[in-house]
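Should a chain be cited, it is by its letter among A, B, C and D, assigned in written order, with residues numbered from 1 in that chain.
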Amino acid sequence: MREPMIEPDVMRISWGPQHPMSGQTRVLLDVDGEKVHRIIADLGFTHRGIEKILENRSFFSGIIPVDRMAMVDTANMSIGYVTAIEKAAGLEVPERAKWIRTLVCEMSRINSHLYAFGLQAESTGYFPAVFLWTTVDREVLLDLFEELTGARWSFNHFFPGGVHHDLPDGFADKVLKAVKYLRGRFKDYWDAMVENPLFENRCDGVAILKPKDALKLGATGPVLRGSGIDIDMRREEPYDAYGDLEWEVITEDACDVMARTKVRYHEIGQALNIMEQIAQSIPDGPVKGRVNAFMRVPEGEYISRVEAGRGELGFHLFTNGTGNPYRVKINSPTLRNMYVFERLAELNEVFVADIPVIINSIDPWYLDSDR
Amino acid sequence: MTEEQTIKRAFDNIPGSGAAYNLIDFIAGWSRKYSIWPIHFVTGCCSPEFMQVSGSRFDMERLGVLPFASVRQCDCIMVVGVVSRKMALRVKYLYDQMGDPKYVVSVGACPTGKGPFHDSYAVVAVDDYVPVDIYIPGCPPRPEAIIHGMMLLQEKIKKERRIGVKD
Amino acid sequence: MNSNSLISGTLANLVQADQFSLMNIPSMVIEFLALNSKPLLQVLLLPGLGFILGFAIFAVWFERKFLARAMLRVGPYYCGGRAGVLQVFADFLKLFMKEIIIPTAIDWPFFVAMPVFLSTIPSLALLLIPFASNWVLWDVGSLSLPMFFAIMGIAPLIPIFSGWASNNKYSFIGAWRVAYMYISGEIPLVICAAGVAIMAGSMDLVKIVEAQQNMWFAVPQFIGFILFFLGIFIESERTPFDIPVAEVELVFGWRTEYSGILFGFTMMAEYVLFQAWTLMFITLYLGGFNGPVLMGMPTASHIFWLLAKFFVLVVFIILLRCVFPRLRMDQMIKLGWKYMTPLALLNLFFVIVMKILGVV
Amino acid sequence: MSKISAADFVKAFQKAHPEAVKSIESTDPRRADLVVNNESFIDAAKSLRDNFGLLMPVSGGAIDYPDDNRIQMIYYLMHPGSRFMLTYRVDLNRDEPKLPSLTQVWDAMSFHEREAHEMFGIEFDGHPNMIPFLLPPDWKGGHPLLKDFKGEGQQ
């Protein structure tokens, strides 16, 4: 591995794939004492070649690898690919299926933000109490997923033209009960984390990303919205039922780690509102459009942009008229945020103890960036 | 002559050495069975399931399985999720760095046989790199399946004979 | 009448009377036990080995179960009965039988010796603490307070040596984090202890405890009380200050390279430090073994009161582990130098003023 | 942030750089597509960033057309004001694809160019640290995303 040269009297630490907080990647830190001079991210440890796999799979069976791109945020991954295929094939999705898709996407977004919360708490040294609280709350959502789709995580519930299963009866008030429970729990998170003075002085003013830098470095998702720029694909290009639901885009303008945590916190509040609206007023009707497992798609290029938990996820689908896509280019949000993470050491003063806090404020999912 | 055989030969003629072996085996088996410390190392997309299993509802620590941070103190690698070529080298390094009674549990379909990525150029099965003790199917396996896998590992540890001739 | 001279006395006259045959070995043993029962009991049981090991095992089990409850889960359950009582024995036995890995590029004499010192030196300091007016194992009279701080001054050197010896980048960072933390955390404690010694009029821990008969020192010296309580967390690396062994940043701080029973020693040593400092805190501020005499046995009730206060404090300190996040290194140093040391001096000033005016 | 819709952007760019543009169109109000010829690749990009306000780099990738012997490199950019997305493309010869690195204009493109180098074999000259990105360092199996990539990577 020919890494860039080390400056004199600086110690290079390899924050390897085996590290309590490093996830599936390796981060090289040039450390002098407690201060970090340079961060080099070494990605690729979970590269599965999904773009190559999709080329020899039909559109239907292509959803399975795409689902596993970010297991915590399954729905938002497959919704991107499915929307691209629907644009290509010109399929019409029934109204009820759209609303179910939005419900599942928002539940998956809460799931993914809970993951970010838990690791954010543990990275400041919270002795994994808060982290395990998030696993308890995630079980509530996983039970709902399991009841609706049959699987806890990678449930590939969407397909081009609709949704596999309709809502089981009594599901709507289960969702309302879950929303009420989660609202109470998130008050505890707010008191336990954001109001805690020690947590505040570990997070305030750390890793400041000014709006100008955020744009230049290509940040996305809560990282971008934490710096005061309100770009959210659900509002720029409304897909499914986001157009006719009331919710707003959250931004914070403190530009630091605490701002990103607050953005995620309020986004969960918005997601709970959306779930409540859907559970109360979901229209009736069929759930499956015209189902054709080996459909032919006219030749051309189609781009779909969706808002995943970590940011804007883009699919650029090239088709050549056969049953398989000619090429699928996946623009993953974590890859863009990882570049922001690499440049943060130059933008402001970073300590070794801050690295886990910053990594988890960016909330990377390395399988998503390595594809 | 492996080390165990020499010990066995040295103590053979003392009466009651068989009983001593059984007692030591029992104590070693019991203590290793109830304190498996897997390493904090998730290689792929089953990692949320590993979190849920060590979480509060399907608590793995009931069996004494406590995820530990450093390589030296752990005695079990849970290979959770898909293993790419680049990650397989790291799994090999870790396996070599661990202290001796060490076990490998391959969690999920991908490390066992490349799972849904069977035709990918960058994914490998973990068998070619490290000897695996327990395979847990599923993509991702349900938490109960992971706990059942750890219980099977506990049974295997209990029945292992440590001192005396390995028959 | 010091007990050590007694031991050599019996052997000496027996040898002179050249009745040293194998016949009367048992009678010698019985006589030896009869004369030295008290120090033997102290060494083996109360402030000595039994108490330290017992507390370490109890604390590990209690912490895992208690904090598992805080995390809404069950904690060790199947090992030994329904409450995971034997879980700690299983862990330590497994660590006994684990292979001890000593990498080649390691300075192995230091590497192997340090964990042993780590749990023995702090337990030396534990022997100074009076459990009752006549139940002091190491009776150094008016030297006991400075002796405690002298021994506890050595304690942080051991992690620094082991961090340096294990030739691992993470443990190197962990090692000098220990150095920074102890320097900035220890000085305020010594100043507060000086305040207590001035108010009690003597350095002898027993006299300090007796000076608190009617009013504990926590009341007049409230600032010192708070600082010393904070000092427990700093010295025993409990959560708001477990910066050297921050699993999240440095894999295991200076303990990364230890495997097998060496790691077992470092785990146990953490509790010995915690024990010594908490008992010292009770002796200085919460009126050591003072308490109403129960059922006529003064010594036993004194010991009971000290242990009762000790356990209440232990539960409280362990509880704080899942409430507070960890401080950063520079925040810790700022806290130590900018806030704790001036406050400690202020406390000393108040104590001297009270002493001169004869208030206390 | 100036608000300029995709359609007027197309007209304005056509007027500003007629010689650089091979083909430019905007089928969807939120999409714009621009194919540039190789010589004026860098200064067209500079003018995009400076006077057309396309500040935000989204991503970059390539696509291989073996039958007409060309590899097309695509850069995805976003206009933070009016939020439309521009696909900025350039065609390269398939036998020896060479391209000046775009990190001098948007330095966030360095990851995507490293990946395109690994997957397609495109040479980016002027790239700050061209080290292996996704594939293992000792990979000798050729460029996987090319259409004529045969089977497993050989060690």
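Following the convention adopted for this analysis, contacts are C-beta pairs under 8 Å (C-beta built on N, C-alpha and C of every residue); 3 or more make two chains touch, one makes a residue touch a chain.
Just so we're clear, the structure is a prediction, and the values are computed from it rather than from any experiment.
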| item | value |
| --- | --- |
| Shortest contact path, subunit B to subunit C, counted in steps | 1 |
| Comparison of A-B and A-D by number of C-beta pairs in contact, larger one | A-B |
| Subunit C and subunit D, separation of their C-alpha mean positions in angstrom | 64 |
| Whole-Å separation of chain centres (CA-atom averages), subunit A against subunit B | 32 |
| Cα-centroid distance, subunit A relative to subunit D, in whole angstrom | 25 |
| Centroid spacing, where centroids are CA-atom means, of subunit A and subunit C in whole angstrom | 47 |
| Residues of subunit C touching at least two other chains | 71-73, 247, 251 |
| Sequence positions of subunit A contacting 2 or more other chains | 19-20, 44, 47, 49, 52, 132-133, 136, 370 |
| Touching two or more other chains - residue numbers and ranges from subunit D | 134-137, 144, 149 |
| Pairwise chain contacts, counting only pairs that touch as defined | A-B, A-C, A-D, B-C, B-D |
| Subunit A partner contacts - residues on subunit D that touch it in the complex | 30-31, 55-59, 61, 63-64, 74, 76, 78, 80, 83, 85, 87, 106-108, 110-112, 129, 131-137, 144-145, 149 |
| Parts of subunit A lying in touch with subunit B, wherever the complex brings them together | 16-20, 23-24, 44-50, 52-53, 56, 64-65, 68, 71-72, 115, 118, 132-133, 135-136, 138-139, 142, 152-154, 367, 370 |
| Residue ranges of subunit A touching subunit C (in the complex, touch as defined) | 11, 13, 19-21, 31, 34, 121-129, 132-133, 136, 196, 198-199, 201-202, 351-356 |
| Interfacial residue positions of subunit B with respect to subunit D in the complex | 84-86, 89, 121-122 |
| In the complex, subunit B residues that touch subunit A | 39-49, 51-52, 55-57, 69, 71, 81-82, 84, 86-87, 90, 94, 116-117, 119-123, 139-140, 142 |
